[in-house]
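Here subunit A shows up in two complexes: once beside subunit B, once beside subunit C.
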Partner chain A sequence: MRLTQGQFSFLPDLTDPEIAAQCAYALDQGWSMAVEFTDDPHPRNVYWEMWGAPMFDLKDPAGVVIEVNACREAQPRCYVRLLAFDASKGFETLRMSFIVHRPPDEPGFELIRADGPGRNIGYTLRPYAADAPPGRRYGPGRTP
Partner chain B sequence: MTTPSNVIDATVPDRIDLAALANQVELGEMFEELDAELVGLAPVKRRIQEISALLVVDRARAQVGLTSTPPSLHMCFTGNSGVGKTTVARRMARILHRLGYIRRDHVVSVTRDDLVGQFIGHTAPKTKEALKRAMGGVLFIDEAYYLYRPENERDYGQESIEILLQVMEDNRDDLVVILAGYSEQMKAFFSSNPGMASRVAHNIDFPDYSTEELFRIAKLIAEQMNYRFDAEGAVAMLDYIKRRQARPNFANARSIRNALDRARLRQARRLCDGWSAVVDREALETIRAEDIRASRVFTDGDDGR
Partner chain C sequence: MTKTGEIAPLAAKERYKPGVLKYKQMGYWAPDYEPSETDILAVFRITPQDDVDPEEAAAAVAGESSTATWTVVWTDRLTDHSHYQAKAYRLEPAPGSPGQYFAYIAYDIDLFEEGSIANLTASIIGNVFGFKPLKALRLEDMRIPTAYLKTFQGPPTGIVGERERLNCYGRPLLGATMKPKLGLSGRNYGRVVYEALSGGLDFTKDDENINSQPFMHWRDRFLYCMEGVNKANAVSGEIKGHYLNVTAATMEDMYERAEFARDLGSVIVMIDLVIGYTAIQSMAKWARRNDMILHLHRAGHSTYTRQKAHGVSFRVIAKWMRMAGVDHIHAGTVVGKLEGDPNVVRGIYDTCRETHVPKNLEHGIFFDQPWASLKKMMPVASGGIHAGQMHQLLTYLGEDVVLQFGGGTIGHPMGISAGATANRVALEAMVKARTEGRDIWNEGPDILVQAARSCAPLRAALDTWAHVTFDFASTDSVDFVPTPTAS
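Up next, the complex of A and B:
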């Protein structure tokens, strides 16, 4: 099951030039880019691991693409996303977030139903990959 | 259907007007600007003209279907202090951007401190950070020979040089690296780092300025600061330059700039004498001979302050 989080996730995967073009847009707006990765892509997990510090004062997307590729190479079995942070007053928040790398195999999420009092049912999601401990999800890979 | 090779494709022109191509990128205008703002520096201007000509020729080649690969543009500026290495490096970004060799008109200026770390594992991220910031534009490494310190075996400069070399090779389209330093030290730097020497395609040596060129620079700097010399002031300035050139620690245009700054101080003191004078615009912008002749160069100081 294809993970759909953030921008562009219903589109085919972005190519490197497309990623660079998106970065160029963000940098032109004065936002700073950051690379993050995780092997726990549950929608409620907002805290992904940081790949290095956010890249402040970059002017050109080439630097971002270098970091994305470095992260892909080190964490091939993780999700990698790019964030664009707007530091201007009144925003001070993320303006863009999109996935730039996926593990080769995405098993998806299990829908768990829990019977409550009466005939109530509580629903929750659980990634199939979460059966394995962190670092061994999505196949043999390196520890994040 | 195949086309016989002796039939010329109608869309490919057989003659190309190079002058028109040069006009497209406004080359003539750019050279005029260069001539107006940079005094002397003939070898530098010649090299810029060569690079520009290559761009035009490459475009023409592309039009007739010949392949053209972007040239390696990493440069090394050598010369004594105050001959305009830093100034030209800053202008170079604008020129290369205008010619379309780099994507952005920006220069990231770094020295050893910005590239080399203080402990193991500190250097690589620091160097990469600087390189990433410079991507798309020009990375200017001032006093580049400091990067390599042969006397200290455990110096991290070498690590920084290796990362630089790798990026200079891998990201040739993204980044132009300009090294600058004094001729002698740069020679030693390159002889101990042959990898670096072979990757720097353009070695531009900045000659010292002649007296006449320095005088033109003085006038240019004064003009930019909205000052001017009166007739005797100009004579005094020329005289000052001649004397200053003969002294030790002469730093070309930088010495001239400093001399002008000191002349401004003296002019201000002259105008404010007694705090009772009423001055007009002309008095405020004129540097007179006495402002310059008060310099120690004319008496017997040792550094001309």
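Up next, the complex of A and C:
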């Protein structure tokens, strides 16, 4: 199962020059880039781990790609995403978000249905990878 | 400025003598009046009857939409009358439309109840629209002062809140209206929801006339749709939604349906414009209390927005809806099957999405409109659009928009899920190309063809629809065109 969060998950994975081109646009707009990673891809997991603080003063796309690669190398069995943060009034939020690295295997999500009265169903989404504790998901040592 | 039949103001004794006076004589024509920053301003397109002086017609509109009646009443003298009178302060001929004029009218803020669209509109578009001395009357635009705006809640969620809740940034959202719009059973309907969402859409949508008919009662629809939504969330890892239409005969019914949608975990509910302004404001408050995105389908608007001479322009309806408080509003596609001149649509989109909309006559915007801190509405583009137009849609409509491909998803030759995938791939490819600095307006078709090389559903969509266009002249266009200046 391919996790399709982010702007470009339906396209082939972006190459480093393609990532740099996206960063160039964001930096041109005056936005700040940030790298985050996680081994819990639940869609409501808002707070991925920060690969350092947002790079408020970095203006060079090449620098962003260096950070992306450093994060990939340190967390090869995690999802890594690149964010662009816009601090201007009326936004003060993310303007871009796309995945730049995936774990080797993406087992997906279980849909748990809790039957309630009157045919009501309470739905819960659970990443299969979350069966294992953090740090042991997505790879050797992952409990089946 | 038209100057016919100068009429001097009357002394009080004459002014209030029983009988019938010209509206101008009663003080509703005030060319020297300087609007204050708390005044509510309106500009009407007036078409006076042939023998009616345009200034008198403008004064009559001011009078009939504020304090006046057809004859002098002595009870006016018990009030601070001039304070409550609306004032027609400017009159201009409409360019290129003989016999039509733009009348600018100022209303004191004390004329209106705080936070009530019903009260505002009962004056501004009340009796006055049937007034016999006018052949036709159209409300073109309004300026709502900050002081009055701040008495309204505004959109319960807003564009920023919606994106943060959905975890979706940097691209238009994708939707589709379920088809056929009438007749599917709950179980079959939910199938279409699941196929479209699992194929790559963010939203699916009930149509405006899906409520609780014999073929599909509302509880059935809600239950099956939420099964489809949640299954699609599980196969994608995204947060998706189905606009569950809670439109019903009474507020009690609507609250019951909305609460059921909430209890099932829906992120969004939907209402139709025909439920009325008060019901819309009630649902806006409900949505804010319940963390729900509120989608508005503008069912019925074309009965009064489309004709240029008479009615209410949609940019005014959009303004009222941002005040009333909806998160989504259908606002035109430019390229699709429904009415939408590019400049008019641009003015409407600005009204939905900007924090300050400057006067821009070329877009039909007659006044500067600051939006104080009211949240932004997400415009929705729906009706006869398809993947082959993605470069035009992104250019005209920008990023903060929901693009809804109903037929363009469900009518796909390889199936609904493939139709959804084609749209999503076309969208992501176009956003990526734009950000890379490519000229998508001209290179758009090539970008799509290239993206289709690794996506058979997009290839099929382009083969089926790439040549479909709806190229008809708009009936609602702007009056002002840019004049080239010699420099």
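We adopt the following convention: the second predicted complex is superposed on the first by the 139 of 144 C-alpha atoms of A that agree within 3 Å, B and C clash if a C-alpha of one lies under 4 Å from a C-alpha of the other, contacts with A are read in each partner's own complex, and residues count from 1 in each chain.
The rule we apply is simple: a residue touches a chain if its C-beta (ideal position, glycine included) is under 8 Å from a C-beta of that chain, and two chains touch if they have at least 3 such contacts.
Bear in mind the structure is a predicted one, so any value in this text is a computation, not a measurement.
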| query | Would subunit B and subunit C fit next to each other on subunit A once aligned, or clash? | reply | fit
| message | Tell me which partner touches more residues of subunit A in the superposed arrangement, subunit B or subunit C. | response | C
| task | Examine A:Pro12 and indicate which partner it touches, taking first as subunit B and second as subunit C; both and neither are also allowed. | result | second
| request: Please indicate which partner A:Glu110 is in contact with in the superposed arrangement: first for subunit B, second for subunit C, both, or neither. | output: second
| Under the superposition described above, what is the C-alpha centre angle at subunit A formed with subunit B and subunit C, rounded in steps of 10 degrees? | 100
| request: Name the contact category of A:Arg44: first (subunit B only), second (subunit C only), both, or neither. | output: second
| task | In the overlay, answer first, second, both or neither for which of subunit B and subunit C A:Gln75 touches. | result | neither
| Just subunit B (first), just subunit C (second), both, or neither: which does A:Gly63 touch? | first
| query | Which value, in Å, gives the least CA distance between subunit B and subunit C in the superposed three-chain arrangement? | reply | 16
| Where on subunit A do the contacts with subunit B and the contacts with subunit C coincide? | none
| remark: The answer for subunit B against subunit A in the complex is residues 103-104, 106, 125, 131-133, 135-137, 171, 174-175
| Which residues, counting only subunit C, touch subunit A once they are in their complex? | 160, 163-164, 167, 169-171, 200, 223, 226-227, 230-231, 233-239, 263-265, 354-355, 376, 421, 424-425, 428-429, 431-432, 435-437, 451, 454
| How about subunit A: which of its residues touch subunit C in the complex? | 1, 3-5, 7-12, 18, 21-22, 25, 41-44, 46, 83-84, 89-98, 108-111, 119-123, 125, 127
| Which positions of subunit A touch subunit B when the two form their complex? | 52, 55, 57-64, 66-67
